[in-house]
Structures are given as C-alpha cells and as structure tokens.
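First chain A sits with chain B, and in the next complex the same chain sits with chain C.
What follows is the complex of A and B.
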C-alpha cells in the first residue's frame, strides 16, 4: 500500500508537467483545427474550413516539397559524412591528434545554431563574402548562395550538414566501438582486405546504429527552424520555406491559429508514420546481433 | 600460402609492393578526407575569432583572416558596455533559464524513472507506455496550442514560459529508467530491511549510482536550453528578457550590417563558455552522446 502511494507520488511531478504541456496541447490541437482564432478576438467555430484549406493551399505543397528535399539531402549527407568521419576517427592514431580532430569536427554541434547561421549568412554573401572570395582564388565563378532560389536550398542543406555531421559522427563512433575487435582480427587472419572488412563486418554490425541515426536525422531535419529563419528567412520567395517556419508564419504573422494547428497536425502525422515505417523496414536490413 | 610464397619469391615481392602501395593510397585518401573535413568544420569558428578582433572598419575587408592578425579587443568591451543593450543581462537570462530547467529535469525525470524502474503499483506499465509514446510528439508540432496555453496562463514575455514546459522530458525518464534498472535489486532489499523509506532509497542509494546517466541528461538539457531559439522567439517580447541566441540575431539586425565585428564579438562571447567546457570535458560529452544516442 505504501509502495503504491510512493509510486504515484514519485511520478507525479513529471506526469503533471507532461500532462499540462504535452497532453493538453495535443488535445487542444484537435479542437483548434475546427476553430477560427486570431488570438485577439475569442475563437469561433470554423467547421472543416481549416482542413479543406489544407488541400487548396498551393504554398503548403511548395513548403512540403522544400521540406522533403531538405530532409532527404540533409539526412543522406549527415549520415554519410558522419559514418565516414567516425570510421576515420576510430582508427589508431596519437591521442593528441584524435583529440584535435574530434574537437574540430564536433565543435559546431555544441554551438548555438542561430548564431552559427548568422555567421554563415556573413560568409555566404554574394559580393565580398568569404566563401565566394575563396572560390575566386581557385578560379571558380562566385555563387549566388542565398539570393538565387536554386542555390538557397543548397546553402541551407550545406549549413545543416556542416553543423550536424559531427553529431552523427559521435553516434556512429559509439556504434563502431561496440563492434568486437576479435571479428576484425579473425577476418585479417582469413586474409580479408580492408574494404572487405568494412563491407562484411562494419556495415552489417553498424546497421542498428545507422537505423537510429537515420530516424533521428529525419525527425530532426523535418523540424528545422533556426537554420532557415536566420539564414534565408525562407526565401528567396518560398524557395527555402520549411514546414515549421511556415507554421510559425501562419500562426504569428497571419494570426490564423486554427489553420496553423491544422498544418502542424499534418507534420505530426507524417512524423509518426515515418517512425513506424522505419521500424517495420528496419527488420529487413538491420542485424541485431 | 607460405609454401607458395617460398616457391616464388619474385612474385611475392611484386605483390607486396602493390599491397604497400594500396595501403599507402588508402591512408592518403583517409587522412586527406579527415583533415579537409576538420578544416571545413573549424575554419568558420576561427574566422569568427579573427574577424571579431579586427578593427570594425576593416571587418568587411578581403582577404579574410582565419587566425587573429590584429588584436582589437575593444570590440568585446563595446559589446559588453553597450549603452543601448545590456549584454551581460542576456548572458544571465540564458544561464538562469538553463540552470533551472536542468535542475528541474534532473529531479522530475529521476523521480519518475525510479518509480517506473523500482516500484510496483497498478497502472505503472500503462503510464510508462504513455510516457514512451509522448517521445513521438516533438515540441515544434504543438507550438501553436502551447503558445495559446502560455498566453492564457499569463506567462508571455516571462522566463517561466521557457522554464515550465521544459520541467520534464519523456526522454530523460526513459534514459534514467534504463540506468536504474541496471542496479542490482539486492541493494534495495537490504535497504528495505534496514528500514529505509522510498525517498531514502531513491536519494541515497539509487541516485548516486547513476551519475553518468544523470550528467549526460544534464549536459543535453543545459545545451538544449542554452541554444533554444524557437521558444524565445515565440514567447519573449522585451529586450530585457531576451536570451543569448535571440539577442545576438536581433543585435545583428539592430546594429545593421555596419558593425559586423561587434556582432561577431557577441557570437564569440556566447561560444566561449561552451568551447572551454568542451575542451575540458570532451571525453565526457562524447560519452554522454554515445549513452544518449537517441536524442535528436
């Protein structure tokens, strides 16, 4: 009896906090999508108007197309570079070099995204920007990094990969270090080449780590906000407007809270489906041994 | 194999040469990749430092510096002593919010985790399942209703708007529950026989044994709060309440493009504590991420 009371008391603080700031907002979203609410005047019933607006909103399609491309490219390059860097850093080398490498590669992860995006804004300026200056030094033409709608997306992905691949490196590093050394020694005795060892030992055994890394990359990339807010403001035009930035603008620039909640719900649904789908697909190629 | 080599020493020398060449080539490719990546990752950071120490009138001058060539530290003083904006106040605001959030999460998460891992009561597994499934709901997805809730509670433009929603995390509960599960139950049985109450079991036995998990959670909560951008953008209105990240971004708009050296000095001030911390505790931070690899 005492244990029951203690049990409930111990979860009470976390439960209350989670209930007020997670459960209540989730429930509220499902009410909000049927409302017209501009924050200043009281909410009024809006029926299915917000939901039907979803299918008519051409900008929403553009924004989702942007988000899709961003998520695919950022996830791909973050994981590819993260894995390669981890394999590189995991090699035997003097500990001072390892320390310097890890510091350099990991440092952007720790620093505020918004400040770094601001810095990259300076670096990527078309005229007198540092990156274009360096390009010109090696004889390449300057690139309209942030002002052309096709390059802006490249810049946004590039910044995200620059900032986050060190994080994935650390995750893959943990996965690599969990692979028993014995396997590599046995393979070496059997005469397997370096590439064969990577192909037949590292890759299969890193797959559970890769699975988690890819899921968190997708879920993280789908919610990117600071990056585009500071770097491009979603522009030029709508070229780099990602979904969370769009929700923010619907809610806090257009003051259409009901519609903003409806758009959020689509993102929510997509993230849940993606997570579940990933779990199902993973059975085919992840080896938990 | 060895007999074959003995039989044709000439052939084996050639193949050994090719093998050495291939290893050499492989090493070159790998090291070039690592060094180029390290330079790409770190060059912008050292550019910030170098440019923040330039004379403001030269902060746009090309070629850029990637290491300090002048030492115009007055930029830092100008930012700190700026009459219009109280920069140290931003620092304090960020620090205060991050510390309170971290302490609150350590407490609430560890208490709930202890309960889920060590106590038995009806409905426990159901409630734990609810906690787990809430991991699928990122804060960005509910930012609209959360904003309305914060507004109804009258917390707009107050630091509580950032602290209260972050007083617990399902992720932290999950992480610490795993840690508590690893403690041998004999310890708790012995404590029970000695007449220890549940609070003492939690505070004096369980907590001291999960130090690494607690510090990992602390590091991530602190960094998450320190670097939070969306929250302050949504809730904070007046300059006096701004936190570091939002203040820096607003500062760059406010000062215009003419004072890049000052903006970069401000960025550098916000980076320095993190840099120092990381240089000292690198191993710790990296192990923390490895432990908590799930966190996005």
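What follows is the complex of A and C.
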C-alpha cells in the first residue's frame, strides 16, 4: 500500500502540472467557445456566435491553406532529410568525425528559434540581404525571399527544415542503430545490393521509428509559431500566417478569446482526426516484428 | 526490495531511508526559507517604515531612467520605485498596448503606465487608466505646469471626453532626415521647407545608385507600416486612412490611393526605395547606403551612438492642402488597478518633471513636452542644425489617427500595405480589401459599445472596481 502511495506521490508533480497547464486550458477552451471574453471584462454568454463566425471568417480559409502546405512540406522534407542524414552519420567513419557531424547537425535544435530566425531574416532580406548579394555576384537575379507571397512560404519551410531536421536525424539514428547488424551481413552474403538492403531491411525495420517521427513532425508543424512570427510575422499579407499565429492574433491582439478558442478547437479536432487516421493507416506499413 | 549500501556520514541506510531523510531535509529548508526573519536585537536599528512599491512601465530604454531611479532613492523616501520596459519594437504602439492589456489581465502589478495617444483610446476604453483631473486640481503647482509649460495640442491630445488621462511627457513628429555629405557631393541644395513631392522625387532619382552590388545606395526608405510613419505622407496630401473622428475608414479617398501609389512607385517603378519588409534603415543611413529617411527625434539617439553627424532635417515634402505634420504624444498615467493611487501620482509627477525630461533630451530621445526644457540650449545641442523644426511644427500639427481599436486597425492596414510594396496587389485592390476589413472592425466597435451599454456591463465593471 505504501509503495502505491509513493508511486502516486512520484507522479503527482507531473500530473498536477499537466492538469493545470494542459487539461484545464483544454476544458476552459470548450467553455470559452460559448463566451464573449476580452480578458478584462467578465466573460458573458455568446451562444453559438463564435462557432458561426468560423464559417464567415474569410481569412481562416487562407490561414488553413497556409498551414496545410506548411505541414505537408515541412513534414516531408524534415523526415526525408532526417533519415538521409541519419543514414549518412550511421556509416563507418572515424568516431571524431561522427561526433562532430552529429553535433553540427543537431546544433540548430539547441539554439533558440527566435535568434536563429533573426539571423535568417538578415540573410534573406531582399535589398542588401547576404543571400541576394551572393546570388547577384554570380549573375542571378535577387529573390524576394520574405517579401513575396510565394517565396515567403518557401523560406519559412526552408528555415524549419534546417532547424528541425537535426532532431529527426537523432530519432532516425536511434532507430537505425537498433537494427541488428547480422541482417545486413546475411543480406550481403546473399548478394543483396546496397539499395536492396535499404529497401528490404532498413525501411521495414525503421518503420515504427518513422511512424513516431511523422506523427510528432505533423503535430509540431501544425503548432509552429515562433519561426514564422520572427521571420515574416505571417506576411506579406497573410501569405505565411499559420493557424497558431492566427489564434494568437485573435486572442492576444483582438482580445476575442471566445473566437480564439473556437479556432483553436478546430485545430485540436483536425490533429486528433489526423493522428487517429495515421494509427489506422500505420497497420499497412509499420512493422513491429 | 530494499537496497542497503548508500552511506551518509558513514551510516549505512536503505534507499527508502535516504529518500525520507532527503524529503525531511527539503521540507526543513523550505520552512526555514518561509519563516519570518529574526526579530531585531537591541543593537540592530529598528526597521524603517515599509516603502510602497510602485511599478512604472514605459517603452523607453531603461538606461534613460537610471538617473531618475537614483534620484528617487533620495527624493521619494517612502516609495520603492521600479521602472520596467515593455517591448514596443514588435508591433509598435499597437503591440505595446496589447502587452499592457495582457499584463493587467494577468494580474501583474502596473501602477504607472506610459502610453502614447495611439494606445490611449484602447486603454481608456478598457478602463485601465484613471483620470488625473482631481490630482491636478489638488496640486496647483502641477496644474500650472500642465497649463503653462505644455503646449495645448499636447495636453489636449491626452484627454478623453474632456478628462486629462495622462501627464504629457514627450512627443514626436515625423521629419525628413537627409545625409548632408551626399547632398554636397551630388551638388544638391538642401531641401527647402516648402518642397514638393516632385522636388523630392527629383532628388531621389539623382542620389540613388541601385545595381545589386555592395555599394548600393537607396535614395529614401519609409516605414511602409505603422500609422505614424504612413500619416507623415497622408497628411501632406490632405488625407488620412480614417475619417476625422477616427470612427470609419477613409481608404476610398482617391488621395489615399494617390499617396500609396507615389510610395509604391518609389520601390517598384523608380527603384529608389527598398521594400520596407526586413529593411534595417538605421544602420544603412549611418553607413551612407541610404540618403533620406523619415523619422522622429528619437532617431537622433542612434546617430549619437554611432557618432554620425553629417545629416540635417527638413519637413516632409508636400503635395496638397494645408501644411501639416503628424504628431503623437505620450505621457504617464495611473492604472486603475493600482492599490496606492496617491503614491502613483507622486511617481507620475516625479517621472514627468524637468530632470526626467532633460535625461531624455540628453539621450537623444523624444521631444520633451515641457516647453521650458525644449527651449534649453541642451535641446539644440543634441541634434543637427535644423533641430528647431521639431518644436516649431506644433503650430501646424495634426494628431496621428488613434481610434479606440488602434491595435486592430493598424495591423490590418500594415498587412495590406505589404501586398502593395511587393507588387502583388495594385493599390486599388489592396485598398478595397483593407477598406472592407476596417469598416467591419469599426462597425464591430460601435456594435460592441452599444451592446456593452445596453447590457449594463458598464455598471458591472464599476462594481468590480475596474471602472474608475
């Protein structure tokens, strides 16, 4: 009995903090959806107005389209590069080089996103930016990296991939190192090519890792805030305004907490459906044995 | 399973015992930390009367207030003054106002607040500031300063419905900074006070050198966002993005389109201005890569820091209507959430006095609201030769449009301006879209105020003590 109590006491701090900072806000947002609340005046009943506003909000569609494109491209390139880099550093090489490579690739993950985004902003500025200066030195025209609607999304994805693929590399590396070496040796004896070993050994055995990496990438990409906030502020216009940025704007700039809760619940619902869908689909391509 | 082996001070104990001792030690430390301090002994002096903590927040750099905080130790013995800086660099006054509202809503102690006219409407509408009239009435010396040493334009700018909501501290207008060395090199005469947009464009075309190389030199850069920066151009074409009472959009006025087209052409047609997005004009101006810029007096501080002296000032070029300069004032107000309003008023007076104004003037900051400081030689010393135009402009000043929902309107305009500067939307397309959004927000503001009044929520707010 004492051990049971001790167990509960040990998990209590984590449970209490999760309850206060996660469960309570989620429950509160379900209530706020039906309220008009500007953070200073007491909340007042607003019926279904916030929910009906969702269908009238012309910007919401644009913001969700931006978020969809960002999630797709960031997830794809983060995982692709993460896997390729993991396979690269998993090859036989002097350990000092391996450590240096791993550290260098993981370094952007350790640095604060805001400071990195400031540097990228400096590099990518259209007029007198470093990247455009170099492009013009080799005879190429300057690119409106952050000031054109189409290029701004490319820049935001590029920055996210550069910053986050190191993290996925570490996850994929752990997955790769768990694959028994004997399988590759047996395949080599059987005459399997390098490509065949990747196709028939690496990919199936790394599928649980990939499943985990893809899920956290999608959820992470859907919740991106600071990258875009510092790099483009959501602009130009609404070109890179993602859903979390939009929720922040509604809640903490327009002080319409009820509507902000309504929009954030749509994101919550979409993420739940997406994750369940992935679990369902994972039965077809994830191999645990 | 019990594992023996850990040894503290040579005594072997089980893991459970170790955990128990650790927990007891932690609890003991916690209790000791929470316990009241020991009573003073006969040799120790008795503690002095507890000071009242007053927290004042401002957008200005804290370093500027360090001399005031030192003086406060002597001059305000009963007050423990703390000055904090609330970030204004992200989102301008709209972002600053949002942060103040969020801090107050979060229960943070803010007794004294500096806010400019752009955010005053929001803070007053949210019942965050209390009127200062009673304090001025009870304090004839301060009332005299307010009425005789502060220009009526500045004083009235910080009034809402006839009530003085803030003690004016500093103000700004927007003038044109130009590099005198480059003007001389190019054989261009200094601009005259009555120069026109055509004169300005002619100068731009003469001084710009934009080829995409390291030696690029842009003629002029403008903010491209922010009501204050844009109004500098609108007002000189006898127009404004909002109507005179700041309650409706005026974006469909052809002069608004004409103004924006002129600015867009500087970027897209003549290529004499950079796209404002991501452009850092302070460093470029000081490095000689930018010949002209529009800014208030606070930009002198950057030049002082860089030791940059080859520049002078002139009024913005003019197109139509009476000559006007955009003006905005900030001041110190008392938060309705303060528990010690009398001490807060003492701090408001202290932070608005001559010494604080002189500190700001020396730092190259804004223009002091106190005429007596603005007329001191020190004001002219910390600026280029034509510094006098800063204070002169008050005679033809026009207040920056500052609706109650400034924090919503300003970002809408900025978002649509961006699509003009990058050439993705024509001026007409962007203005139609912006007009629709601004109109919807203005209607929402009116409807919200109507429903607030009809629902009797104003009375409720008074009852909760947040509507004084």
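The definition used in the following text is that the second predicted complex is superposed on the first by the 271 of 289 C-alpha atoms of A that agree within 3 Å, B and C clash if a C-alpha of one lies under 4 Å from a C-alpha of the other, contacts with A are read in each partner's own complex, and residues count from 1 in each chain.
Going forward, contacts are C-beta pairs under 8 Å (C-beta built on N, C-alpha and C of every residue); 3 or more make two chains touch, one makes a residue touch a chain.
All of these numbers come straight from a predicted model, not from anything done at the bench.
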{"item": "First (chain B), second (chain C), both or neither touched by A:254", "value": "second"}
{"item": "Partner chain in contact with A:126 - chain B first, chain C second, else both or neither", "value": "second"}
{"item": "Touching partner for A:149 - first (chain B), second (chain C), both, neither", "value": "second"}
{"item": "Which superposed partner A:96 touches (first chain B, second chain C, both, neither)", "value": "neither"}
{"item": "Which superposed partner A:235 touches (first chain B, second chain C, both, neither)", "value": "second"}
{"item": "First (chain B), second (chain C), both or neither touched by A:189", "value": "neither"}
{"item": "Touched partner set for A:25, first chain B, second chain C, both or neither", "value": "first"}
{"item": "Chain touching more of chain A, residue-wise (chain B, chain C)", "value": "B"}
{"item": "Touching partner for A:39 - first (chain B), second (chain C), both, neither", "value": "both"}
{"item": "Set of chain A residues, in rising order, touched by both chain B and chain C", "value": "39, 128, 133, 252"}
{"item": "Residues of chain A defined as touching chain C within the complex", "value": "38-42, 44, 121, 124-129, 132-133, 136, 142, 144, 146-149, 234-238, 249, 252-255"}
{"item": "Chain A to chain B touching residues, read off their complex", "value": "2-4, 6-8, 10-11, 13-15, 17-18, 20-26, 28-29, 32, 37, 39, 81, 84-85, 88-89, 91, 99-108, 110-116, 118-120, 122-123, 128, 130, 133, 162, 166-167, 170-171, 173-174, 177, 191, 194, 209, 212-213, 216-217, 219-220, 223, 225-226, 229-230, 244, 247-248, 251-252, 257, 260-261, 264-265, 267-268, 271-272, 275"}
{"item": "Contacting residues of chain C [partner chain A, same complex]", "value": "91, 94-95, 98, 101-102, 104-105, 126-128, 212-214, 216, 218, 274-275, 277-280, 284, 289, 407-408, 411, 415-416, 418-419, 421-422, 424-425, 452, 455, 457, 460-461, 464, 466"}
{"item": "Chain A-facing residues of chain B, complex", "value": "1, 23, 26, 30, 33-34, 37-42, 44-45, 47-48, 60, 62-64, 107-109, 111-112, 114-116, 119-122, 124, 127, 131, 134, 136-138, 140-149, 151, 164-165, 167-168, 170, 173, 198-199, 202, 223, 226-227, 229-230, 233-234, 244-246, 248-249, 252, 260, 263-264, 267, 270-271, 274-275, 278-279, 282, 285-286, 289-290, 293-296"}
